[in-house]
Each structure stands twice: as C-alpha cells, then as structure tokens.
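Input: structures, listed below.
Shared chain: chain A. Partners: chain B in the first complex, chain C in the second.
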Partner chain A sequence: MTSQSASVAVTQIAGGLALSPLLIGVTQQAKARLQGRRGAGPLQPYRELRRLWGKSGVDVEGTTFVYRLAPVIVAAAMGAAILLVPIATGAPRLGVGQDALVLAGLLALSRLAVCIAAWDTSNGFALQGASRDLTLSVFVEAALVLSLAVAALVAGTTDLSGVIAGTAGGHLWTTPALALGGVAFALVIVAETGRQPVDNPDTHLELTMIYEGPVLEYAGRDQAYLQWALAARHWVVLVLAAQVFLPHPVGTWWQLALLPVSLGLLCIALAVTETVLAKMRILLVPRLIGVGAAVALLGIVTWLVETA
Partner chain B sequence: MTVLVISGLLGIAVGGLLCLHADSLAAGFITQTVGALALGAAGLSALVSGETWGASFTSELTPHAGIDGLTGVFLLTLALVACPALVFASSYVAKTRRGRLTGVLTAAFLLSLIGVLCARDALSFLFLWELMTLVPAAIILAGPATESARRTVFTYVAITHLGGAGTWIALLLLAHEGAIGNSTALSEGSSVQAVIAVAAIIGFGTKAGLMPMHVWLPRAHPIAPAPISALMSGVMVAVAAYGLVRVLVDWIGTAPSWIGATVLILGGLSALGGITYALFQNDLKRLLAYSTVEHLGIVALGLGACLLLRQHGADAWAAFALGAALLHTVNHSVFKALLFLGAGTFERATGGLELDRLGGLLRRMPWSGGAFLIGCLAIAGMPLLNGFTSEWLTLQALLHVPAYAGVWDGALGAVALAALAGTMALAVLCFVKVIGLVLLGPTRRTGVADAVEPPPAMRGALVALAGACFVLGTIPGLLFPLLVGLAPWPLTGDVPSRPGLDLPGTGTLPTVGLLVVVGGLGALLWIARGSRRAAPSPSWACGQRVESPLLWSSAGFTKPLRLVLEAVLRPEREIETTTLGGVVQHVSYEGRVPHLIDVHLYRPVSAGALVAASWARRLQSGRLGTYVGYLIALVVVLLVAVRVGAIG
Partner chain C sequence: MNTHHGSGSAYGEGIAAALADGWRFASLHATTKDEGRMVRTLLSSKDGDLRIESVTAAPDSVPTIVDLCPAAGWDEREAHDLYGVGFDGHEPLRPLIDHDVALEQFATPVQGHDAYQVAVGPIHAGVIESGHFRFHVVGDLILHVDARLFYKHRGLERAAEGLALNDALGVVARSCSGCWASNAVAYAHACEGVLGLAAPPELARSRTILLELERVWNTLNDISAICAGVGLAAGTSRFAALVDDARRLNQRLTGHRFLFGSVAVGGSTLDVDASAISDARETLARIRSESSRAWKALLFNGSFIDRMPDIGIVDAATASTLGTVGTAARAAGVVEDLRTTSPRLAYDDFEVAVLRRQTGDVQARLEQRALELLPCLDILDRLLDGPVRPVASVRAEEGASIGVGRVESPRGATTCIVERDGDRVGRVRLRTGSYANWPAVAHAAAGNLLPDFPLINKSFELCYACVDR
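Let's turn to the complex of A and B:
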C-alpha cells in the first residue's frame, strides 16, 4: 500500500465514521439560515448523539431479538458501506470490495432490518412508515441501479474506484449520458436521505413519517446507532454524487482536496430543495422517482447510440 | 461413479418399496435419503472432475443414460433439496394408507426427475418427462380428495400437457435434425432452429412457470404435502431450467438475438409479475409458489443475457451469465425448499397458513422459526446469504448486455436490469411482510399460541437447509467457476476459485470479507450497546394499547403499493354498509387483486373452447344414420372437388 492509498483509506474511514453527522448538521444549519432562523449550528447532530449515548434503551414488550439486533445490523451494514464507497480513485479495497451493486445490497439490508423490527413492535405507525419506505424503495432501487449502471457503462467497470477514475476530468461535459444519470441520482439522493419532497426529516407527526416511523420506538444507544446510520447514508450517497456525477478532477490528491467543497455544495443544495419544495403526496413520489429511472434509462440509450 | 449411481437408484427404489409397509415408512424415507445423497455425490464428482459417465447424447431413439457436468449440477441440486425434504417427510408423513402411497410415489417422482436429468436420447427424455408431470398429480390426488384439489389437478395436467407439446416438438425435431448433443447441426437463423427454440421456450417455460404459461404453478404447488411442494418448487422447476439450458444454450447452436430477447422479456415479466402477485397473496404456500415464478424469471433473465451476449460475441460474459443462471437455480432450490418445509411445519403446528392469522411463531418455535427467518432473508436477496450472490451475478450479467450487445439488445438489457432491481426491492417488501406476519408480533389466533417445535427430524431438516443458505452465501466463488466451465463454448482465462466472486470489470463481491466486516462491526456495536435498559414498555400507539383489531394485516401493509400500481393491477374492492335508522350496524369489506393473466388470457380462451365444444357436440348425435350421412357427404364433397380440379 503506497502512502497515497493509505492516506486515502484513513481519510475515508475517519471521514465516514466521524464526519458523516456533520453533513446532516451543515444541511440543517443551511436550511435554518435560508428560513431566517439562527439554527443550532452544524455540530448539533453530535450533541444529539452524545445525549442519546447517555440514555438507557427501551425494549418494547413482547419483542424478540430481531428488535434488539436491528439497530446494530443497520449500523454495521452502513459501516460496511462506508468502507465500500471509495472517496477517491486511489482508494484501496478494504475487505468488502468496491462494487456498486453490492452497495445496493447493503442499503437494502439496512432497510429490511428496520422494517422487520417495525413488525416486531407491531406498532401501527412504525408499520405505516415501513410499508411506505419499502414501497418507495421499489422505485428508488431501480433508479439507483440504473443511474449507477450509466456511470459503470461510461467507465467500463462497476468497480467504484474505476468509476470515479472513468468519469473524472472532462468526461462529464462530453458525455450527456452521465448528466442524465446524474439527474436520476439526484432523486435517489433525496429519497435515500429521507429529505423533502420525498420525506420530511423534521416532522413530528407520525402519520407523515416515512423513515422516522419504523424507528419510533427506539431510545438510547439503539437510537444513536440509527441516527448515525442515517448520517452514514448521507455520506455514502453524497460522496458518490460528488465523485461520480459532479465534475471532479483526475488526480487523487485533487479529488481529495475538492471533496469537502463538493460535499458542502451538495448539503446546501439539499437545504435549498428542502426550503423551496413542499413534501409531495406520498403516492406521487413513485411517479417522480419512476421518471428518474426513465431518465437514467434514457442515459443508457444515449450512451448506446453514442458508442454504436 | 458407477457404484454411486447404481447404489443411489437402488436406494431410492428400495426406499420406495419400504414405504409400502407402515412400520418401515420412516426407514423407507431414510433409505431414499441415502440414495439421493449418493446421486448427489455422483453429480458433484461429475461437476468437479469434468468427467462424464455412461453414454453421451445421441439423436437415435434408443434408450441411453449418462451423466455430465450440467446433469451433475442438477443432481447436486436434487440432493440438496431431496435429502432434507425426505428426512422431513420421514416424520411428517403419517403412517396411514395415504401416507404410504405418498412415500412410494415420492420415490417414483425422484426417479423420474433423475431419469430426465440422466436421459441421453429424446425418447427416454420425453417418457420420463411425462412421468415427472404425472406423478405429482397422483400424489396430490392421493391426498384429501376435495373438489378444489381435483380441479387444480385438472388445470395442472391440462396446462402442462398443452405446454408439454412444445417439449415434444422441440425434442423430436432436434432428434430429426441430429442436433441432440451436436450444436453444429442447425444453422443460425434457419426456420427449423426458430421452431425448435419457440417450442422449447413454450414447453420448458410452462414447466418452469414462466409468465404467461405459469397459471398452473401457484395452484398446484401449494396443495401438495410440504415435502412434495419442496420437491416440486425446488427441483421440478429446476429440471425445466435444465431443459432450457440444454436446448437454447447448447443444442440449437448460435441463436439469433430475437431468441435471447424473448427469453429476457419472459424472464423480466415473470420476475416482476411473480413477485407482485406473491405480494398480494394471503396464503403462505401460495405466496411461495408465486415467488417460484419470480425466481425462475430471474433464472430466465440470466439465460437471456447469456444468449444475447453470446450472439454478440462476448463469450466470457455469456459464460458468466450462464453461471449466474445456474447458481441462481441452485440457490433458489435451497431456500425455496426451506421455506416450503417451514410452511409445512407451521401448518402442522398451528392448523392453517392464512397469513393474517399466524404471528409470533419465532418465540413459540425458535429453531424452525429461526431457520425460516434465514430462508426469508436469503430469498429477499440479503447480502451474506446465498440469494444475493446469484442475484448480484445476474445484475452484473444484465449490466454487461448494454456494454456488448449493441443499441437495441443493449436497451432491452438495461430495461431488464431495471426490472430485476425493482424485483429485488419488491421481494424485500414481500418477505418483510412474511417475516412480520408469520414470525413476529403477537399471536393472532388461539391455535398459534399453542404451537410447539416439531420432532427433531423436521427441525433438523430446516436447520440444515438454513445452514446451506449460509454456506452457499459464503463460498459461492468455489462453485461458480465450475458452473461457468459448463458453457459449451471455449473460454479464455480462468475465473479464480476463491470463496468470494471476482469477475473482471466488477468491484468484486468478497463474501467472506463482507461477513467479517458486517459481523465484526455488529459484534463491536453489540458490545458497545451495553446492557443498561429501562423497564420494557408497551408499544406506543397514541396512548392506545395495541389490540388484535388494531394489528396490521397483509392487505394493509401492501396497500401503498396497491395504490401506486392501481392502474396496472386493477384491484377490486367491495364495501357493504348495513345501516339501521341512520346508525351503521355492520361494515363488510372485501378486497382482492385479480390475476390479470387468468382474467384476460386464460378465461376467454377456456370459455371459447367450451363454446366450440358445445357446437361440436351438436354434430355428435350418436345415431348411426347421421354418421353414415356425414361419410356420404364427405365422399360427395371430395368427388366434386376432384371433378373441379381443386384436388388430385
């Protein structure tokens, strides 16, 4: 392992584990400023994690090990996802490979764990959130796989490190397929991070919750794991967006240097969409994301025509 | 090898005979297990060593039998399913006359399945194929003789025989052209090749349950006894996939791309349609049968990708796609057998499989429930278990179709990729529902609260299959290169034989690495989580206690999807409200998702057939004079036709 790849690996692990809550914090802070509030500062998610860490967990009566194990599985799956998604081209493989489609599997695993825990509690609100989340995931997963497929076809590999290299530099400007894939991926980001117009992260009304619904019963460290996992989910999809679908330079060091800028811009973009868009009617969301999948499909066709 | 094969066949046959006597029923099943095990070993050795045993394929019409690598894969699959299923049966099947008959017929069923796999000529293949179709019908009829069982058997036999005509046409034409075992006999794009391909897709596709030929499958699989359901859904459909592979990938030579495209479209339709209808089922076994349609659809997606890639000269990825399809067949057999046997256990323990009336079985039956949970996670395509490995491979194969196969086929591959991604997410929704309604939450019926673990034989079979799901999910890379090597075209470069999957142009699926990372992180987090807990509290529902009328049902959980897909699925609902003096007394609600292929394809056809039959019946008066009249009329018409020169 060269010094370069070692430093990329260290940045990737430390950044993913420690800095991912910052992404949520920056987004919330930017949103507060846009809405004319002072906001709690970008470090608020850390304070919440510390508060939750000190509290005791609560077991729901009549639940099994499924309920107790779910937060651990969710956090472990997202931890593996952080190891899987490289932050720059020189990133070494950290034991879990770097395959784009394995990432889709890990995201599905964390979703499933939360949803079966919802069944374990038999809480109506939790199940409502779970059934909505899984319904949307049908369309989100299709859009995710198709948009990653666009990038993989352009780069000629599904290895994410190779994808970052294959889309670096001027590719974005000369390959319309990537831009179309980026549009689809933007919708995937909004859905996977549970942001408006798909979901409302600030809601306190059970009936409107999607992601917050299934985790309603958790407290203490369990809840801390789940909140961190949500932050890790932000990290994974935003890093992919920054290093694949946004313009990024060729060299590893340049990529590392520009990553914070891209991530910051993406957080602000999320804050802007959250501010200007209202939450959609839940049954219209599949249509929106379905359109995203269709755009990604169009991207693949564009690429096919271009290379034919 | 000869010793293994002969002892295997003898074991199954002797086991079947032992089942004739009530006292030796269990021993009979165990002897059959030993036989199946020996044949599985023979299959494995054929697969690993690459040697063949017995005759090779011939277009002659004299009986030949032999084993090669591809047969080996399916013999291995058969053993993986049959051994646990037979051990399960040894304590599941009652020592009644019916039970003894089931035991004997199970042996016959196994022998016919093995026979189809080992047949090396068209005639014995077709004979055993028909036997394989008829024996399960006999097993179902040997069970409780209800009106609905008889109707189901009629549907099953009718549709599989109509479809089976395709198998006959394909095999006999292949034999006629001398193409059995000889992929150079048919020229690319010839009309004979097209007829054979279409006939094979219809014939084997019907047996595999590909949409729209699947209608018999969700009806017939659930009503058989659990071990037989496991064999039907685990092995019989796999044998159909075997037929598809033999004919389409090997014997017809290089197939024009429309054949691959057809298989891909049927596969995508079956995968999406199968899992969508599975979602809306209310009976566990029926849900599982629909999911069989889904998984054979995924196998067909792999095969379609293989044919398209081969047509476009991407031989390496075509072989990977074939390996993906074969691996998925093996994986599907294992988890589907587990789930069907689990369903049988639950039915025995609780007296019913209506999804809304089970619940909490993981607490009541930790071993069987835990094994069933693993099966559900595997079938939902969760990483670390076997379903994910082959679905990942199939996704990769489909992703490489656009990379190699030109604009039109490439676009089709991309659509199929989206369909498979959607299918996998729908499978998560479906099996989250199954896990929740069957294993978790409060018990929803009095019978369920008294459920106890089954005898050790049944429990052991379930746990062994769950272990197989885990092992196959951890070391797919040891099996996959062998499956890739079965491709009948020469390959350059080797697939490395290591536990994980490492294909060129992918980011690898290191199964062991994932297991270590997710397991290790999970263990760390579990320790860090500590043991400080507040007193258990009731689930929060706005201050209300969660009581049984408030529990979520199968229909409720799938309602968002039903609403989203309303335009496609056309669900029906009826609400009747009884009021008395302006006060609502009673509200009855009924909702269902009609099966559109039944309603719009099969019902008009069968109604048309009945109308045609009633017309034809008018001609059959039964009087001799009328028939003589018909003959004279025919002779006159023929004479007139000759006279005017229309014939002759």
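Let's turn to the complex of A and C:
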C-alpha cells in the first residue's frame, strides 16, 4: 500500500465514521440560518449521539431478537457501505470490494432490517411508516441502480473506484448521459436521506412520517446507532454525488482536497431545498422518483446512442 | 328575545317549526332549576334575532333534536354527561365528556377487510393540547375518525356559578387564551343583556378593537400553522414572526399578550393614550405590508400550493347541517358572519369577505383567512383614530333573567348564555366557534389520506381549551 492509498483509506474510514454527523449538523445549521433561526450549531448531532449513547435501550413488550438486532444491522450495513464507497480514485479495497451494486444491496438491507423490526413491534405508526418506506424503496432503488449504471457505462466499470476515475476531469461537461444520471441521483439523495420534499426530518407529526416512523419505538443506545447510520447514509450518498456526478479533478490528492468543498455545497443545497419546498403529497413521491429513474434511463439511452 | 317553555312534544314541534321558518340552531344546554332539570335551546335568525325554547326534563329525559339539527349532537351529549339528562331518540347517545367508558362506547364500529385503527394522542409529540384521534383506516385511506376531547375539562362553567357577574368574567374567559377577548366580550354582552345595559359607541369601539386585535394574530397564526402542516419552514417562521409582532402590540396596548384583563362587565377600563395609538397604527401598517409580501411568497411557491386543493372538503350543505361556523363555513360558501349583526359592537356596514372559489377544501379555508385579514386591518385602521378612554355602559331597559352574547371569534360564532340568580351567575354556558367546528374536522378527514390529516386539522386550527372549558 502506497502512502497515498494509505492516507485515502484513513481519511475514508475516519471521515465516514466520525465526520458523517457533521454533514447533518452543517445542513441543519444552514437550514436554521435560512429560516431566520440561530440554530444549535453544526456540532449538535454529536451532542445528540453522546446523550443517546449514555442512555439504555428500551425493549418493547412482546418483541423478539428481530427488534433487538435491527439497529446493529443497520449500523453495520452502513459501516460496510462506508468501507465500500471510495472517496477518491486511489482508495484501496477494504475487504468489501467497491462494487456499485453491493451498495444498493447494503442500503436495501438496512431498510429491510428496520421495516421487519417495525413489524415486530406491531406499532401502528411504525408499520405505516414501514409500508410507505418499502413502497417508495421500489422506486428509489430503481433510480439508484439506474443512475449508477449511467456512471458505470461512462466509466466502463461498476467498480466505484474506477467509476470515480472514469468520470473525473472534464467528462461531465462533454457527456450528457452523466448529467442525466446526476439529475436522477439528486432525487436519490433526497429520498435516501429522508429530506423534503419526500420526507420531513424535523416533523413531530407521526401521521406524516416515512423514515422516522419505523424507528419510533427505539430509544437510547439503539437510537444512537440509528442516528449514526442516518448520518453515514448522508456520507455515502453525498460522497458518491461529489465524486461521480459533480465535477471532480483527476488526481487523487486534488480529489481529496476538493471533497470537503463539494460536500459543504451539497449540504447547503439540501438546506435550501428543504427550506423553500413543502413536503409533497405522499402519492406523488413515487412519481417524482419514478421520473428520476426515467431520466437515468434516458441517460443510458443517450450513452448507447452516442457510442454506437 | 322570545323565550318559550313547552312540554316534551311541544318543544320538539316548536323547534321543528322554527327551523322550517329559517331559524338556526345556536346552542343547547341543561340547567338545574327548583322545579327540576331543564334543557334550553337557543335559536338565531339570519338578522341576529334570538329565541330560546325551554323544556323541563320529565322526569329525566327530553325529546332529542339531533334529528332536526345534527349540530346539536355535541350539546346533547354534553348535557347528558354533565347533567344526566336523557335525550329520547338520540341513539346511540355516546359519551362526550365522560371518558370512563369502554372503547366501543365512544368509537364507531368499522367492519370490513383490512380495516384497522390508528390511535393518536392524547399525548402528542409536539406542543399540542390533549386530544385523542382514533383513525379507522385501510392502508393510508381514512374511513372515519373519532375525536375525543375534554381531557382537560376544568368545569369552569360550574366554577363561575354563584360568583358576582363581573367576577365570573375572569373564570369564563379563562377557557382559552387564544380566544380570550372573544369569550370575554361574549360573556360581557350576555351579562349586560341580563342587567339591561346598552353599549355606548365608545364602549363598542373599545371592544371591537380588542376583538380585531385578537383576530389579527390568530389569522396570522393559522396561516403559519398551515405552513407547518406541510413542512414549509420558511412560511412557518415568517408568519410566526408576524404573530409575535401582533402579540407584542397587544402587550403594549393592554399589558397582556393575549389581552387578558382588558374586558369588564358594564364598561371598559381600557386606557390607550395617543402615543400608544400611533405606535399601534405603525405596527399594524407594518404587519399589513409584511404579511402581504409573505402571502405573495406563499402563492408563488408551487410545492406549497400543490398541497392545498381538493383535500379535507366540507361542502356548503354539510357545513349547514353540522352547524359549522366562521372561516370554515364561509370557505364552503355559507356566507355568515356575526359581525354583520352585532349592534353592540362597532362594525358599521361590515361586509362579509366572499371568496371566489368556495370549495370548502384546505385551499379555500386558507384563502378565506388571507382574504379576511385585510378587512380586519381596515377596521382597526378606522377605529384606532384617537385615544381609547374608560367608559361605562348605560342603562337602557329592564333586566332579564337570561342574557345572550354572540361574538364572531377568530374560529367562528361564539355564544355565551348567562342565567342570573339574583345579582349572581346562576348558570353560564359558553359555546365557542371551536366547539361548533370539531365535528366538521372529523367529517372533513374521512376519505383523505392519513398523512394529509395534520394539514386538514391545521386548516381548521381549532382550540382544545375552548372546548375543554
């Protein structure tokens, strides 16, 4: 392992584990400022995690190991996703490979674990959230896989490290397919991070919840796992957006140096959309994400036509 | 005001005839007299005339009138729970205030494949009053909602009994902070009816200013709440800031953000000098321009506007049947506003703001509020033309044993009935706009999607406290 790939690996693991809550913190803080509030500061998610970690979990009466294990499975799946998604071209393989389709599988696994646990509690809100989440996931997964397929076609590989290299430099400006994939991926980001207009992360209204619904019963340490996993999910999709669909330079060092800037801009973009957009009617969400999938499909067609 | 006292069947026939003549149901309450328990029904005409039909419970039940006017449903259930009066023909007479009953007694049975229940409250995740909503749903589709309120019923009406008329005002108006002025003025009017006092123009002006100040912040607050219902944080904060501007103005003018203590029976002690008046005019002008700008920003926000139409519909026929009042009724095309028939207040030549699109959905209720804000500011602009001085009522006529005050609160018609016992309160009944409108919320929710319910609920923005009085 060269010193370059070693430092990429260290940044990737340390960043994914420790810096991912900062993404949520920055987004929340930017949102507060945009909405005329002072905000709790970008470090608030860390305080939340410390508070939750210090409390014991609560078992719902009548639940089984399914409920008990779900937070750990979710956190483990997202931990694996952090190892899987390279933050720059020179990233070494960290034991889980770097295949784009595995990422889709890990995201699905964490979703499934939470939804089965909701079934285990048989809480009305949890089940309702789970059923909404699973319904949407059909569309979100299609958009995710298709938008990554666009990037994979452009780069000629589904290996994410190769995808980052293959889309680096001026590619974005000369490849319309990649821009179309980027549009689809933007919708995937909104859906995977549970943000408006798909879901409202700040709501207290149980009846409207999608992602928050299935995890309503969790408390203390379990909740800490889930909140960290949500932060890690932000990290994974935003890193992919920054290093695949946003303009990024060719060299590994340059990619590393520019990553924080891209991530910051993406967080601010999330804050802006969440401030100016209301939550959509729930039955329109599949249509929105479906349009995303169709745009990605168009990207694939564009690429095939272009290279034919 | 005419009062009739009939026996069982004459009572029902009298009300049926009156309703056929165009009278509308306004309130029903039970009371205990020396000769036994009694039920009194207040009816109103379009011109603001009032009449009371009374009936003695013999021995402990009276004929129901819910078959004639479903709007009396809650009133009869309340009279049964609190006074033990039975209502013949009201089947099933489900408990309203009495919570100590089996679930089947208050929840409507729903049968069929895949139907299940979602219970929300009475403890909510947000800063919301106590109310239990039992949704009968299939998937995300609401079939029926049972709303159960009265978790914090304080017995304020009973607490007011035996107090001097002026002392009881503090108790009655405490029902709700959001509607303090409306409830207080309705009570004061009822007492002045009992005492035979009339309001000189200065008193009418003083009270009208208070009522409209209350309407300003409530209207802004309602719009802010609707924004919160769809998660539009920008709109929520912007209107919430204006709400606070308006409440701070209340504080500067009356010493209380919710106008507490600014109304009295038989006169007014409100004293606002010229500098406070000019401060008020300045603040209200700013609220006018800023709220117009904020409203335009809402209108041009496609994602917000897209959420509004075609949900939570209460059409005109339903609104009339259920006795819906206020903006909710006007948004459905029932053009009624007590401000057109309030001789004790200074609403000269008031005209009801009529919406072009009276569809009775969430959008119509939102637009009706926005539409009514400007006339409300106009009224304040007209009335805040000089200092407000303390003033006393003048004796106009002989007193009566029963007095009625009706005021258009921010949520709709609020009715207060006072029965005197010497110079003290014998029985007082406060029927607020929220009390009248809660059944419409449950009705509006049916057939909609569960995630839309918070928005539908906020488009009515009713008080819990006004009901749990």
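What we mean here is this: the second predicted complex is superposed on the first by the 308 of 308 C-alpha atoms of A that agree within 3 Å, B and C clash if a C-alpha of one lies under 4 Å from a C-alpha of the other, contacts with A are read in each partner's own complex, and residues count from 1 in each chain.
As a convention for this text, a contact is a pair of C-beta atoms (placed from the backbone, for glycine too) under 8 Å apart; a residue touches a chain by one contact, two chains touch by 3 or more.
Every value quoted in this text rests on a predicted model; they were computed, and no experiment measured them.
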Which partner does A:K31 reach: the first (chain B), the second (chain C), both, or neither? second
So, does A:C115 touch the first partner chain B, the second partner chain C, both, or neither? first
Touched partner set for A:T208, first chain B, second chain C, both or neither: second
Can A:A9 be said to touch chain B (first), chain C (second), both, or neither? neither
Across chain A, the partner (chain B or chain C) reaching more residues is B
For A:A241 in the superposed arrangement: first (chain B), second (chain C), both or neither? neither
Chain B versus chain C as contact partner of A:V58, first or second or both or neither: first
Quick check on the superposed pair: does A:Q196 touch chain B, chain C, both, or neither? Answer first, second, both or neither. second
Is A:R281 touching anything from chain B or chain C once the two structures are fitted on A? First, second, both or neither. second
One more residue to check, A:I164. First (chain B), second (chain C), both or neither? neither
In the superposed view, which residues of chain A touch chain B and also chain C? 124-125, 131-132, 206, 282-283
The chain A residues in contact with chain B across the complex are 56-62, 64, 66, 69, 71-73, 75-77, 79-80, 83, 93-102, 104-106, 108-109, 111-112, 115-116, 118-125, 127, 130-132, 134-135, 137-142, 144-146, 149, 152-153, 156-162, 206, 216-217, 219-222, 225, 282-283, 286, 293, 297, 300-301, 303-305, 308
For chain B, which residues are in contact with chain A within the complex? 362-363, 373, 377, 380-384, 388, 392, 395-396, 399, 402-403, 406-407, 410-411, 414-415, 417-419, 421-422, 424-426, 428-429, 432, 435-437, 439-442, 500, 505-510, 513-514, 516-519, 521-522, 525-526, 528-530, 532-534, 536-542, 546, 550-552, 556-561, 563-564
Along chain C, where are the residues that touch chain A in the complex? 116-120, 124-126, 139-140, 227, 229-235, 237-238, 241, 301, 303-304, 306-307, 449-454
Chain A contacts chain C in the complex at 31, 34-37, 124-125, 128, 131-132, 196-197, 200, 202-208, 274-284
